[in-house]
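Consider the two complexes below, in which chain A is the common component and chain B and chain C are the respective partners.
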Partner chain A sequence: MAMLHTVNKSPTDRNTLESCIRLAKKGGSVLLIEDGVYGAIKGAAKADTVSNAMSGLSFYVLGPDLKARGISEDKIIDGIKVVDYNGFVDLVSEHDTTQSWL
Partner chain B sequence: MKLSVQINEGPYTHAASDTAYQFTKAALEKGHEIFRVFFYHDGVNNGTRFTTPPQDDRNLVNLWSELAEKHNLDMVVCVAAAQRRGIVDPDEAKRNGKDGNNIAPGFRISGLGQLIEAGIQSDRLVVFGD
Partner chain C sequence: MSETKKFLYVNRKAPYGTIYALESLEVVLIGAAFEQDVALAFIDDGVYQLTQGQDTTGIGVKNFSPTYKALGDFDVNKIYIEKESLEARGLTLDDLMPLKYEDEDDDWAEKDSIHVVSSEELSEIMDQSDVVLSF
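So, the complex of A and B:
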């Protein structure tokens, strides 16, 4: 049963990204939204944690939220896919449940 | 697919209500059904028509009302959270002896049972918040 996890806060603000990665089951996906997109930047505080988790989890980041924060897509950790709101809706429908890490 | 959305944050805290709005709009445009949008905790602040932001600022209350009218959305505001924050409809105003009401068009006040029902009836429930 694949679960979609959303993380909406920066890893320097809260530990939700870390908790999510620690507890998410293999085969699930993580979507970074709102200030959570800061966790997708290469060399950011938890970038290694994210890269290491990619063997078991798929990572996505919401493009409009990157743009709103002036982060260009070439700054993103390799392997994270950029999606728009339509992609967000698709991810919700493709996974059995959605867990928001608030 | 049948989706429901829960919003726990008002329009002026972080970005949860904006994200929820864009998500709901995208889901409707893709042909999904939105069973219910449930406003909980500070999320009830999305439902007061007295909100008057500057004209060049996005007006989320109006955006939600317009989306509800266009797609016949069921937008429910939690009654206990609403009472605490002074969000009242005509019935609640009368019941609590208030001198007016401020519920925005397209919103209705009801209880937590509506959230539970949304969870049971929908294929997916997506939560947006702080």
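So, the complex of A and C:
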């Protein structure tokens, strides 16, 4: 039962990303959307939490939300894949269930 | 009744996830018409409001970031960015839009509106403000 987790809050505003990473089961995926994309920036305070979680979880970030916020793809933590809206739909269909963290 | 007060707008939210950033910007622009001494502080996630190269075509929301560049024309030219907030987010001054104004007291020379300041300096700036509006 692979689960897709979506996170839409900035990790420096809420602890949503940390809770998600703490509770997501190995083999699942995390998709960062809306203000959640700030969690994908290299060198940020919570970047290590994300990098360390990559051994058990796949990380994705929504491209249009990155572009809106002026974050270029070269600032993204290595290993996080950038997806577009079609990629979002693919992720939802590839996983058994989705949890939208708020 | 022409006493000038020192206004400080404190911005702590990222630009598109909530309406705070846009609302703050609108209040600043309205307030600018009242010829008060206005300063803006960007701390915590507020520093994200000023990132360079914002392009919202993919999310169907208005990109209001170019409006910050107009602040100088409204005599809003004291923009303080907390250094610690920038660093905690993996950002540097180069990641932000350059905001300039023309100094009428210095032969309209173009100057930077943005000042990166430490928490300590910002705490002093806050302390010396007459009115603090927080967004």
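A few notes on this one:
We adopt the following convention: the second predicted complex is superposed on the first by the 102 of 102 C-alpha atoms of A that agree within 3 Å, B and C clash if a C-alpha of one lies under 4 Å from a C-alpha of the other, contacts with A are read in each partner's own complex, and residues count from 1 in each chain.
In this text, a residue touches a chain if its C-beta (ideal position, glycine included) is under 8 Å from a C-beta of that chain, and two chains touch if they have at least 3 such contacts.
Small disclaimer: the values here were computed from a predicted structure and weren't measured.
When the shared chain is aligned, no partner comes close enough to touch A:23: not chain B, not chain C. In the overlay built on the shared chain, the residue A:65 is in contact with chain B and with chain C. Residue contacts after overlaying the shared chain place A:34 against chain B and chain C alike. In the superposition on chain A, A:97 makes contact with chain B only, not with chain C.
By the touch criterion defined above, A:2 reaches neither chain B nor chain C.
Across the superposed pair, chain B and chain C both touch chain A at residues 8, 34-35, 64-65. Across the complex, chain C meets chain A through its residues 13-18, 44-45, 48, 51-59, 61, 63, 65, 88-91, 95.
By the touch criterion given at the top, residues 1, 3, 8, 14-16, 19, 22-23, 25-27, 29-30, 32, 123-130 of chain B touch chain A in their complex.
Chain contact summary for the complex, chain A toward chain B: residues 6, 8, 33-35, 62, 64-65, 84-86, 88-90, 92-93, 97-98, 100, 102. Every residue of chain A that touches chain C in the complex is listed here, in rising order: 8-10, 12-13, 34-35, 38, 41-45, 47, 63-65, 67-72, 75.
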